[in-house]
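Order of writing sets the chain letters: A, B, C, D and E. Residues in each chain are counted from 1.
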Amino acid sequence: MTLVRVLFYFLSFIAIVSALYAASSKNLVRSIFVFFVTLFALAGLYVLALADFVAVTQIVIYVGGILVLILFAFMLSGKETLNVIKQQNSRIISLKTLPAILLAALFFIVLLNVVLKADADNLPWIRESISLKNEITPNAIMIDNIGVNLMTRYLLPFEAISILLLMALVGAAHLSRKEGKA
Amino acid sequence: MNILTLLIFIPVLFGLIIALLPSSVRSSFKYITLLATLIQLGISIWIYIHFKTGTAYGGINHEDQFQFVQKLPWIALNLGSMGKMQIDYFVGIDGMSITLLVMTSLVLVIATLSSWEIKSNLKGFFLLFLLLDMAVIGVFCALDFFLFYLFYELMLLPLYFLIGMWGGARREYAAIKFFLYTLFGSVFMLLVMVGLYLSVTDPATGNHTFNIIQMMNPANYSGQSIFSIAGHQTILGMPARTVGFVVLFIAFAIKVPVVPLHTWLPDAHVEAPTPVSIILAGILLKIGGYGIIRICLGIFPEVATTGAFWLGLLGVISILYGAFNALSQRDLKRMIAYSSVSHMGFVLLGIASQTAEGVSGAVMQMVSHGFLSTMLFFLVGVLYNRVHDRGIQHFRGLGSLMPKYTAFVMIAFFASLGLPGFSAFVAEAFTLAGAFKSPTVNGLLPYWMAVCGAVGILLGAAYFLWTLQRMFFGTESLKGGAVWKIALTDLNLREKLTLAPLALIALALGIMPSLVFDKINDSVLALIQFLQLK
Amino acid sequence: MHDLLPHISESLSNVLGSIIYFMPEVYLGLLFIVVLITDLIFGKRSTKLCRIVASAGLVLVMFKDLQQVALILDGPHLIFSNMLLLSRSGIFFKLIIDLLSFILLLYFTWDNKLKAHQKGLSDLYSIAMASVLGLHLMVMAVNLLSIYLAIEMVSIASYLMVAYRTENAFSTEAGLKYVLFGAASSAIMLYGISLLYGFSGTLDLADTIGQLSKVNPISSSFAVVLVLIGIGFKLSFVPIHFWVPDVYQGAPTPVTAYLSTVPKIAAFALLINFLSPFILASSWKGFDIGIALSIAGIVTMIAGNFAAVMQSNVKRMLAYSSIGHTGFALMAVVILTVQGVSVLTYYLFVYALANIGALVLANYFTNETGAEEVDDYRGLGLKYPTASVCFVIILISLTGLPVTAGFTGKLFVFSAVYSVYEQTHSIWLMLLMFTGALTTVVSLFYYIKIPMNLFLKRKEIAEINNKKSHNLLILSILISFMLVLLGIFPDLVLRYL
Amino acid sequence: MITLTDFLVVSAVLFCIGLYMIVSKRNAIQILIGIELILNAAILNLVAFGKYDKVNNSGQIFALFAIVLAAATTAVALAIILNVYRRYKTIDPNDINKLRD
Amino acid sequence: MEDFLHSIQILNYTVAAVALPLLAALINFCLPAKSKAAGWISTGAILLSCILSAKVFAGVWNNHEVHAQHLWFTIGKTEVFAGVLLNNLSVLMLLLVSVIALPVHIYSTAYMKNDDRYNRYFTYLSFFCFSMLALVVVDSLVLFYAFWELVGFSSYLLIGFWFTRDKAVQANKKAFIMNRVGDIGLLTAIIILFAQYHTFDIVQLFAEKGLIAQSIINNGLWVGPTGQIPALWQYVACGGIFLAVAAKSAQFPLHTWLPDAMEGPTSVSALIHAATMVAAGVFLLGRVYPMFTETELTVLAVIGCFTAFMAATIALTQNDLKRILAYSTISQLGFMILAMGVGAYASSLFHLATHAFFKCLLFLVAGIVIHQMQHIKDDNELDIDPQDISHMGGLRKKLPLTFIVAIIGALALVGLPLTSGYLSKDGILIQAFDWSENRSGWFKIIPIMALLTSWLTTFYVARLIFKVFFGEFRLLKSNPDIKLHINDGSWQYKLPLVLLAVCCLFPLFSLNPFSFEHAWLFKGLKSANFVESESIYHTFIPIVVNVLSLFVLYAVYAIYARPNSFAFPQSGFLYRLSYNQWYIDDIYKRFIVKPVLRLGSVCFWIDRRVIDGFVHLLAHVSGYIAKLSAWADQHIVDGFLHLLTRIVQRIGNFARKFQSGKVQYYLFSMLVIVLLLFVLKILI
């Protein structure tokens, strides 16, 4: 068992447990903060998958952007939300959530089935890629590769997403604006 | 300008005039409509007179034997592997359509005359009326299935509104029932129509075509197509051509109407205003019969032959069932509506017999019923207009109160129950003769069907006479008392002028059936020959 | 990087070469920015100006669309490193989308409620422009990334448009439902895409199929199903249709008109792009997509039409009816022939026109009398004859009766399906057609409610509203006229498709 | 060596937890978190497979786009949720059901 | 050539004779309501018809038959002709109808003069004459059927002439519907013949070497020169014709309409329901005679015989003047049918002719009596039924002429010698006995019953005459202070009576008053192979019949005409009768009269309850079927529709159930459905 492997299990464990906690917690604030942990753990997993740039982006955008946004929203919505949420009973498995748990479990079984049947490590294209040395090695620097690709092969999505973000910005601003003001 | 095209689209022209005129001159609308229908009548009589007869004008499955033909390319689309879609504006008539055409034009005039009772929203009424007018004339002239279907469906909407807006108390129910019933039939007809179109290619151009006459020729079906005779294709395990026939038949049977698809009819008739009842009974029902002859028999002759027994059975059931129902009605209009079911059963029986007598009788019955039901519904309308009641039990002894009215009622009733001298007698007698001849000629129908049909004639006498006795004879006694007595004035001049021609025509057709038979004979013979050849 | 260096110039020339095939979208992008800037410069008064700019711009875009026809005479063209595919049918989809969007842009301000929105409508135009760009991308996308991106672009724009009237509770509620449902579906779709990518190692749809055939069929099927959920969300077929009634009812009427038509058309184009490799490739071993779509189509037709029967709110009813129409259109997708596509284009165009018309008229009556429910229409027919007659024509077209375009559309779809049935004798096609015919009858049940209330029911109407919505009336007259014209001469449009 | 199956199983677990959250949580923000979980599960997949796609680097780049898009969606969703809160004084989607059959 | 011209002339006369009444009807139809001209127009028309008919008769009788036709219309390949066929049978009927109609017309001008719808009456009457005259001359079955129905139709109009009376309206409806039953039979028969022979032409079908004659029934198939159909349909055709005959000629079981039809004006009863229309059935039998096989003829005979007997017994107990005559008519028609059945073709038609005269006469007499009783009733404001003979009596003094002609008519009806009735009736009886001679014992019942009937006839006729004309005026007894101002009436009443009375005597038919075979009419109609058999019956029957009839007459006289009626035998009564006579009378009363009366009432009861009841039952049954089908229509057929609507709603509601407004529920449903579908797909 290599260190990497230990690390992987550790991070996975953290990610899953924290996600479970976030899912089971009735307290929104706790839920959000535990989700931080999940995201960090996931970022770690991305690193293990040799996607350091993605991991960084994850931390910057998700943790720095989305979660903060959520917290802001949460705080803007005031205390009433908290009160309402606290009243709910805190058992994970209740009659109300049972269908949801069953659904998730069923999905998990199916997914597991799908994953195991697919036999991901022996997929033809992966073996081919390994043989062609198209595999990212831990010491490869992928950032410039990403940069080139974004400017050539993925130029169109790159430009399109800019318009998308602008539109989302305009729209979100419009929605959040106080009424009666331009 | 083709005369048929003119005939079809004159109402639209006048409709536009009405649409453009301001509502302030609304009292003139009925005269404009009357003018339109009169012009149509004139044209159709002109066509009737100039309609050539002889074996060279048999029509049915020979495109060159149709008369007053106009054929213009209309929609021609290239659909790649589906071939080219060829839809023509193709109108023309043969013996099957000519008499119905004249009948329709006349009934429309009568319907217009009876529209005098309409008081509200005249513009809408006459616009819809003229639209309907165009559609029904179009149906009888169209020789392209697409065009036929267009006109066929186009009738629905005006009728829906005519019943729904100017009808009686339960008009909404009646209108929607009518609409749904007929739509149910026609939507599935659309499926078969598409199937036929894809199966048939025009030998001249190699395109798929909607031409009804081309559809009658087995050689035009491509071998693998769904409705190909040689192909023996199946749909859901049933022979495709049988399915096609049944679907088309159901569509038309709803219009005819054939028991058990008839329940829209009493409701629609009862709730509809008089002019619409007249059009419904006088023309609409005939479209069903015409469709069965032209399309069901024409396109699926071999299925029609194998299924003739069932057609005949349905006809007999309609005759008896309709008559029994008429016997138990308390509403005069409903009674007449059910009598229509019974009378139209003869049409089906005659068609099913596939003999010259039977088919001629069926066409005659359609023409005759066109005039007679018009008369009957007009008469009911007269009564209803006076006192707004139609309950048979609410009237007694009308004979002494309204002698002229009673005289016309008697003429209409006796003509309807098949008194010799009137058209219905010839029609029903020959329908039955054809049905009885069928087992020896082509072995399609059993003998007993004709006998059962004859019993229907007896029942017809029963319900008409019973009504006559209950409503018109005996000592005077009205539900509405003195008020009704004042309201129940005898016929006025307009009403007499409307009824007299109908009575005279029914009489004329009874005494000189050749007026109809001469024109249809060649087509009937051609049809019979066509059916025998398959 | 070193691996890529030799290819950079090649890739760049590909990008540059692609731009000529991308002019409408470039214009749209610019237009978005121009509208945005106009909005920023002129502030609150900019609504009218934005509208003019946006509409005029769209005309230009349409012009550019038309120019593209000449570019692809020699066949479909892949651009931007196989991100997009420009095909003849795609161009027509885009043209129709642009045309309808143009109509809708004009229509936005004619809704009294939307017009009264205090924050102004200029933002709406910006969002709409971006949305149209997204739709263009959807129509052309043949790469998993571009598909996801385009869908998200349209979705986000739609969320914003639905929730646009922030002062209205219904609008916000609809927005919430829409965004939650939409985000969840697109997340699930992304998961599906990630699996697809994982199993095939490529985002290019054309290559994907070859790799997928080497994977366990259950695994690949599951991935495809998850992706279909995302696309299905835009199409709203069963079982991904639940959001539709609530959202359509809650959204501002012009937005409903927008949502129920344009994204749907684009989504159909996308569905075709996505599925054609799976249906056409013989190596696909997963589930039979044709049958799956057939079932979805049948159930959708039934669910949509039957549920609509019980509705009393006009917009909600039209929402269900649009679900039903999706089911019907799926019929043409199932066969996936060239004719199928062109017929589908025609059908969708006609449906969209009629649906917009119906909503315009619903809007008209709301403006005039405040009528929202079917019952409120009681007796309005005689008071507003022109609008009511137009309504009847439009509903007839939606039902699919002659002589309206809806009928010809239905006829052509049936023809296309039939011609395939003749070769395959697939029972599913038969069932589809049967259900299509049956639900047409059922659809009459509810469509007829409107004319019935307009004309057949009587009620004294006392109040008279002086705010006349002439624009809506003219628009609906034009649409009715178009529908009848196409009903009689369908080849006016169809011959080009 | 960490196998791809390991990654896939982890992502599957996360996906299911996300699913559970979006159907069971009675708070719009928590539902949003559930959606983010699913997105992350997908991103994990993309990244894991992206390891074997060095030239095109599709996995990682898709992951980047996904993150950005998630941010945009979240922003819009939050804006809407805020508006809902203003109108309904609750963000429990089950209580926001004025639009229904 | 001359023949040809002759034929043309005859045809023209015929057409004119037929068309004149129609013309009169049309003119009358257009006249104002109370115009008195109507009567004379009709009478003039019928007079002309009468003259023309006589000319036609003279030209055709015992001469070669005239047949001319013209293409009417073509249907398919079948050509339908309209034409005239004049042979002995048709010219006889032509003449008979017009001759009977003439006095009735004259009579009517007086009888109906106070009616509000005088011109309408003559319109109908002329229309009837037209239909009847046309019926007897046409040559095509289609036309025959047409006029057959028109005759029924005009009868309908005339029965219900006083349409405000409920009974009249009920009666005419009943008459028309029962006739319709017969019409359907005829129509079926015509259609079967058409299907078999492809023609409607009577000559082609029924001529001596016609199509019918060439057909045989073989192995259950009816093989004709033009094709074959199952033999069953030959029976059905004959059954149909029989139904037609039974309906029109009021034979069992379709006879009950005729007594009811007496609600019409009496003059109408005289013409239509005694002399002409009801005879049409017999005429039809005459026309299609070759169709019937031996067995079918036997059935005819049985039915005719039974009807005759039954009607006679019923007539015994009736008190309504016209009803008695109506039952008598039924009975006599039964005789004619019987005659047809036993092969006495000529006798049957002979009886038809003689019966027409005397029955018409009797009806006209009844009309006068009723008219006068009505006068009494109106004058004294009594509440009596003017037709009830129990009020009458002793009228011979008040109405002398009426009395005399009534006696003549009655004697003819009874069939005493020197009257026409004797000639025709005895002919039937004799031939019936001849016929039974060659058959097994059971067939003897038929002539014996006929014999019995003839005595019963004597009884009821005598009862009628005696009760009406003899004894004392019974009304005077109960209401002693009534005024009587009655007389025979004007010449319009008298002339027809005298005319008809003359026709009831033997010289018009035969110079030999005792031998029917010498009657010219019989000679003209008998078939070529008729053998004059000189059996014992020729002398035996007339004697037995007449002697016994005389006894009966006397007995009746004793019972009814003498004062102190039979109910309580008095000593004076016993004295004047011999012991044996009294004894016979007693037996007669106890064992014959009473049982016969009982039988009569039973028959009447049966008639009212069972047969009529059966008809009513049929009406009820069809009524129930009607109600049932109406119910089915509303609940099953329509119910099916509603079920469909329900199904649509169910499915719709099912789909809507998901639409709870909760977005998470939507998501949940969506995911569950997708997942389940997928799992299902995998499992399957």
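Assume contacts are C-beta pairs under 8 Å (C-beta built on N, C-alpha and C of every residue); 3 or more make two chains touch, one makes a residue touch a chain.
Predicted model, so just to flag it, every value in this text is computed and none were measured.
Enquirer: Using the contact definition stated above, find the chains touching both chain B and chain C.
Expert: Per touch definition, common to chain B and chain C: E.
Enquirer: Using the touch definition from the top, what's the fewest steps needed to get from chain A to chain B?
Expert: The fewest steps needed to get from chain A to chain B is 2.
Enquirer: Any idea whether C-D or C-E has more C-beta pairs in contact?
Expert: Of C-D and C-E, it is C-D that has more C-beta pairs in contact.
Enquirer: I'd like the most central chain, judged by C-alpha centroids against the all-protein C-alpha centroid.
Expert: B
Enquirer: Average the CA atoms of each chain to get its centre, and name the chain whose centre is farthest from that of chain E.
Expert: Computed centres place A farthest from chain E.
Enquirer: Roughly how far is chain D from chain E, going centre to centre by Cα mean, in whole Å?
Expert: Spacing between the chain centres: roughly 98 Å.
Enquirer: Cα centroid separation between chain B and chain E, in whole Å?
Expert: About 40 Å, centre to centre.
Enquirer: Using Cα averages as centroids, what's the distance between chain A and chain E in whole Å?
Expert: So the centroids are 104 Å from each other.
Enquirer: In whole angstrom, what separates the CA-based centres of chain A and chain C?
Expert: From the centre of chain A to the centre of chain C is 31 Å.
Enquirer: Of all residues in chain A, which are in touch with two or more distinct other chains?
Expert: 99-100, 103, 107, 110-111, 115, 118-120, 125-126, 129, 145, 149, 153-154, 157, 161, 164, 168, 171-172, 175
Enquirer: Hey, what residues on chain D touch two or more of the other chains?
Expert: 4, 8, 15, 18-19, 22-25, 31-32, 34, 43, 48-49, 52-56, 59, 61, 65, 69, 72-73, 76, 79-81, 83, 93, 96-101 - these are the residues of chain D that touch more than one other chain.
Enquirer: Among all residues of chain B, which ones touch two or more of the remaining chains?
Expert: As it turns out, chain B has no residue touching two or more other chains.
Enquirer: What are all the chain pairs that meet the touch criterion?
Expert: Those chain pairs satisfying the definition are A-C, A-D, A-E, B-C, B-E, C-D, C-E, D-E.
Enquirer: Could you please specify the touching residues of chain A with respect to chain C in the complex?
Expert: Where chain A meets chain C, its residues are 110-111, 113-115, 117-120, 123-126, 129, 141, 144-145, 147-149, 152-157, 159-161, 163-164, 166-168, 170-175, 177, 179-182.
Enquirer: Please give the residue numbers of chain E that touch chain D in the complex, ascending.
Expert: Answer in residue numbers: 656, 659-665, 667-668, 671.
Enquirer: Spell out the part of chain C that touches chain D in their complex, as residue ranges.
Expert: Per the touch definition, chain C meets chain D at residues 3-4, 144-145, 148-149, 152, 155-156, 159-160, 163, 166, 169-170, 172-177, 179-180, 183-184, 186-188, 190-191, 193-195, 197-198, 201-203, 245-247, 249-250, 307, 310-311, 316.
Enquirer: Across the complex, what residues on chain C touch chain E?
Expert: Its residues touching chain E are 176-177, 180-181, 184-185, 218, 221-222, 225, 229, 238-240, 242-243, 245-246, 287, 302-304, 306-310, 442, 445.
Enquirer: Could you pull out which chain D residues touch chain E in their complex?
Expert: Touching chain E from chain D are residues 19, 22-25, 31, 93-94, 96-101.
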